[in-house]
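Letters are used for the chains, namely A, B, C and D, taken in the order the chains are written, and counting of residues starts over at 1 for each.
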Amino acid sequence: MSVTASLSYFSRTALNGIVRSPFVHVIAVASLAIALVGFGLARMASAQLDRLMLALAGEVEMTVYLEPGTTPDKMAELQQALSQRTGGQTRVVSPAEALGRLSKELGDPGHALTSLEENPLPWSVEVTLPPLAREPEALKALADRVRTLPFVTQVDYGQEALERLTAIARALKLGSLIAFVLVFLTAIVVVSATLQLAIYSRREDIEIQKLVGATDRFVRAPFLIEGLLQGAVAATLACGALWAFAFFVGPKLAALFSFLDVGGPRPGIDPRLVLELFGIGAAMGLLGSVVAVRRFLRV
Amino acid sequence: MSVTASLSYFSRTALNGIVRSPFVHVIAVASLAIALVGFGLARMASAQLDRLMLALAGEVEMTVYLEPGTTPDKMAELQQALSQRTGGQTRVVSPAEALGRLSKELGDPGHALTSLEENPLPWSVEVTLPPLAREPEALKALADRVRTLPFVTQVDYGQEALERLTAIARALKLGSLIAFVLVFLTAIVVVSATLQLAIYSRREDIEIQKLVGATDRFVRAPFLIEGLLQGAVAATLACGALWAFAFFVGPKLAALFSFLDVGGPRPGIDPRLVLELFGIGAAMGLLGSVVAVRRFLRV
Amino acid sequence: MFHVTKAYPGDPPVLVDINLDVQKGEFVFLTGPSGAGKSTLLKLMFVAERPTRGQVLISGRNVARLRESGIPYLRRNIGVVFQDFKLLPTRTVAENVGFTLDVLGTPRELVRAKSLKALKSVGLEHKADVLPPKLSGGEQQRVVIARALVNDPAILLADEPTGNLDPRLTVEIMDLLCDVNARGTTVVVATHDASLIERYQKRTLRLERGTLVAEALGHKAAALMA
Amino acid sequence: MFHVTKAYPGDPPVLVDINLDVQKGEFVFLTGPSGAGKSTLLKLMFVAERPTRGQVLISGRNVARLRESGIPYLRRNIGVVFQDFKLLPTRTVAENVGFTLDVLGTPRELVRAKSLKALKSVGLEHKADVLPPKLSGGEQQRVVIARALVNDPAILLADEPTGNLDPRLTVEIMDLLCDVNARGTTVVVATHDASLIERYQKRTLRLERGTLVAEALGHKAAALMA
């Protein structure tokens, strides 16, 4: 039999199988689709979480306080050194500006501060840090190094708040990792179980096929095609569900974080995710079929 | 047939069914157990989340600034009024204390503040708010009301930080709600699918039972007992898995939040949760059986 | 026991305007070529199929209009030997036979004892604890006969009960059915075996393409079959 | 084609030290009481069961030691009529018959044409697109015969091929098997029907409790069965 002829025969048989016992196939596709939706949600959540954490962490700034009497020349020098070392943007803040800000932050009662005769605050340099340097440990090391530079009296960077946010980020990551592992394990159990049952319900077919002289490969081929088809259909359904999710639930979620300015409009679904879903769906369908059919080939 | 005799007959038949085709039962139990673990995790996560959010929100304080020249009598009066209105603890802060704190918060450079001749800060009352009043809207309303009291110049309560935390809490709640709904839908689909397949594999039995004159009730009873048993076994497995999770993964999660002092040692699993799991497991097993067996009773 | 009946399960009618009356305690052979509608006729009496038109009276009740919930109680009085056996492959032979009694709520020990007795009557007591797929065709057929007889039904419908049996066993089984009949059970046997019809000299109904074409006794009927 | 064979699938041996030689192109009846081991013997030739001891030679090859992957190719040369039919309930009659050809990779149109021809030879071309559960017992049996014959096998094993057929059809089917035999196919028929053995006068082997007790021609064998 030519390759195309047998391919057409196997496809026909697979389609027949699906048309004639739609029940088991619907279940297999449903469980595959659910597994894929779980996977897709985990992926989307993880991507969103990264962006969200960046936004939540806000601008991480380091304030470097200078000795009284540092000359503008020295300040410019230091500013450059800091720029190089941290890779961030730097800005010199005069005592007057600092006092103005402080009184503003304190609100009405702080107003009195502006009327002080003598400004008690020192000159300082503010460094806006790039995302790479935001890990608490990296930041601490950086602060320690900056502290040893000439004219620097103190370095401040909101250590506590940052640590808190980082802890939240880690917990969320761990949580989503656990959720992901659970979803994936469930998916594998469910898919292989359903497929085994689906094929279990056809053990008679397999037995009879073998009795009339079918080779193992011949018996297996339609099941594999069925598995592939199931995977593809499930992936399509999953993409639809994820798209619907992104479309209907996404904005509500985004609205909650509107004040954070998480970024431009959410993309529907990442095309790479679509590819991944189809790949994983097909692989799971195929693998499930291979494993499941093997149990019934010994007749 | 007496009730005990038929109960014993049905139980024997159910057990026989399980012993003779263990395969479908293992799958049904596994999917039920997975569903229950998902449910349990969602419940545990939601409970932990509440505690975590409380801890993360920290102490919510409201500072009420007073007019210069408010007499101690008036202050005491106001303090009492605030206590009543907010239900929280109140404390009068003198300008000296406030300045000391401010200079401390500013660190080294703020040290200069303590040397000021004239203290620019007003008297104030700090109110530690009870958890109930921590919702941003409630808080805002409260602040507005407090602002109209005599001698009050301004009310401050870290609006922005609180809103941010509340948004996180809401997102987490929404996220876990979505996860929960997904898990539950999956569970229902999977369980009913597996049970349908399990019973599908026994449609011959049902057909033959009906042909030899069994009533529908007679056919159904062993399946219902099987469903109940499956639910119970699945619940036991789920409790074991959740306990293992709480035991092995829980401490790691808790360690991440150690700085927050989330509360005493985590309880293994809440006994109420165990009861719920058994109840839901039995109900799902039973319901699945009822639905599944109905499809095959028309012969 | 039977009156006017017509049935059209498929597109062309399988049974057309059958009129037939079986007395209580009678022994009737049902014969006719393959696909004539013998099994369908038996299924009507058993309410496994409903007639499209007409009525089937059993002990004066029209079972064609029996409601769902009444069917089990009717079936408990009818023993059936199915042409395709319908044995549960996952239960032992004794359990398969005892099934009919379980349904009636017979106590466990009695079920076992009665099942073994029924199996003995068909010569299979040594296979009581074997699963049906491990039996030969003839052995399976005898298990079905044992199951049909185990609760002493008022009516026995046997569809080709000896198709897989050797001549010696066939005679044994037919003698068994005659015994049962002698004890008052109405017996209807669908068969192709002319030698049986000749040997037992009972009333024989001949179906052809869904109509009753002849009714005769013993060898007259057998002669028609050749 | 057959040499020394013994087989013990169950606890007590089902077949004991059988010696038997079927020539290419021969027509052989296999008979014996229910449970004698006829089906088991056929299963050995078909490698559905493996002998516990001894060898089964088919065209000079010992199929008892055939490796798994070789079995399908052996089976393609053997047509089998199973006692319990083994039809796929979810495929139409024509598809069931065509199955044997699909396995060989026969083009689609040819499969359909050949299936219909085979069905016609058993008188069932009008039921080609029906599902097996909607057929009568005799019709199902004829479908199995059509399936066994559709690819002109070198060997035909028929287990009780006429158990559910009326006398007229039985003769038609047996004539069909004789035709096939005349065209060179080796035919082995297991049957209980003494009239067939008498009518066709072929070599008849008699099994009893797993041993070959007699070998005779035609009516001598039939006489033994009574």
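Just so we're on the same page, contacts are C-beta pairs under 8 Å (C-beta built on N, C-alpha and C of every residue); 3 or more make two chains touch, one makes a residue touch a chain.
Owing to the predicted nature of the structure, the values given are computational and were not obtained by experimental measurement.
Peer 1: Of all the other chains, whose mean CA position lies farthest from chain C?
Peer 2: The most remote chain is A.
Peer 1: What is the distance, in whole Å, between the centres of chain C and chain D, each centre taken as the mean of its C-alpha atoms?
Peer 2: 28
Peer 1: Taking the mean of the CA coordinates per chain, how far is chain A from chain B in Å?
Peer 2: Each chain reduced to its C-alpha mean, chain A and chain B end up 23 Å apart.
Peer 1: Please work out the Cα centroid separation of chain A and chain C, and write it as a whole number of Å.
Peer 2: 68
Peer 1: How far is the middle of chain A from the middle of chain D, if each middle is the mean of its Cα atoms, in Å?
Peer 2: 63
Peer 1: What is the shape of the graph in which nodes denote protein chains and edges denote touching chain pairs (line, ring, star, complete, other)?
Peer 2: The chain contacts form a single closed ring, each chain touching exactly two others.
Peer 1: Give every touching pair of chains, nothing left out.
Peer 2: Those chain pairs which touch are A-B, A-D, B-C, C-D.
Peer 1: Touching residues of chain D toward chain A in the complex: what are they?
Peer 2: My answer: residues 46, 48, 69, 71-76, 78, 80, 82, 86-91, 99-100, 102-108, 147.
Peer 1: Okay, in this complex, where on chain C does chain D touch?
Peer 2: Of all residues in chain C, those touching chain D are 10, 31-40, 83-84, 134-139, 142, 159-160, 163-170, 192, 194-195, 225-226.
Peer 1: For the complex, which residues does chain A have touching chain B?
Peer 2: For chain A paired with chain B, touching residues are 23-24, 27, 30-31, 34, 37-38, 41, 45, 56, 65, 102, 106-113, 115-116, 120-122, 124, 153-154, 156, 163-164, 167-168, 170-171, 174-175, 178-179, 182, 185-186, 189-190, 193-194, 196-198, 200-201, 249, 252-253, 256-257, 259-260.
Peer 1: Considering only the defined contacts, which chain A positions touch chain D in the complex?
Peer 2: On the chain A side, the touching residues are 1, 5-6, 8-9, 13, 16, 20-21, 204-205, 207-216, 218.
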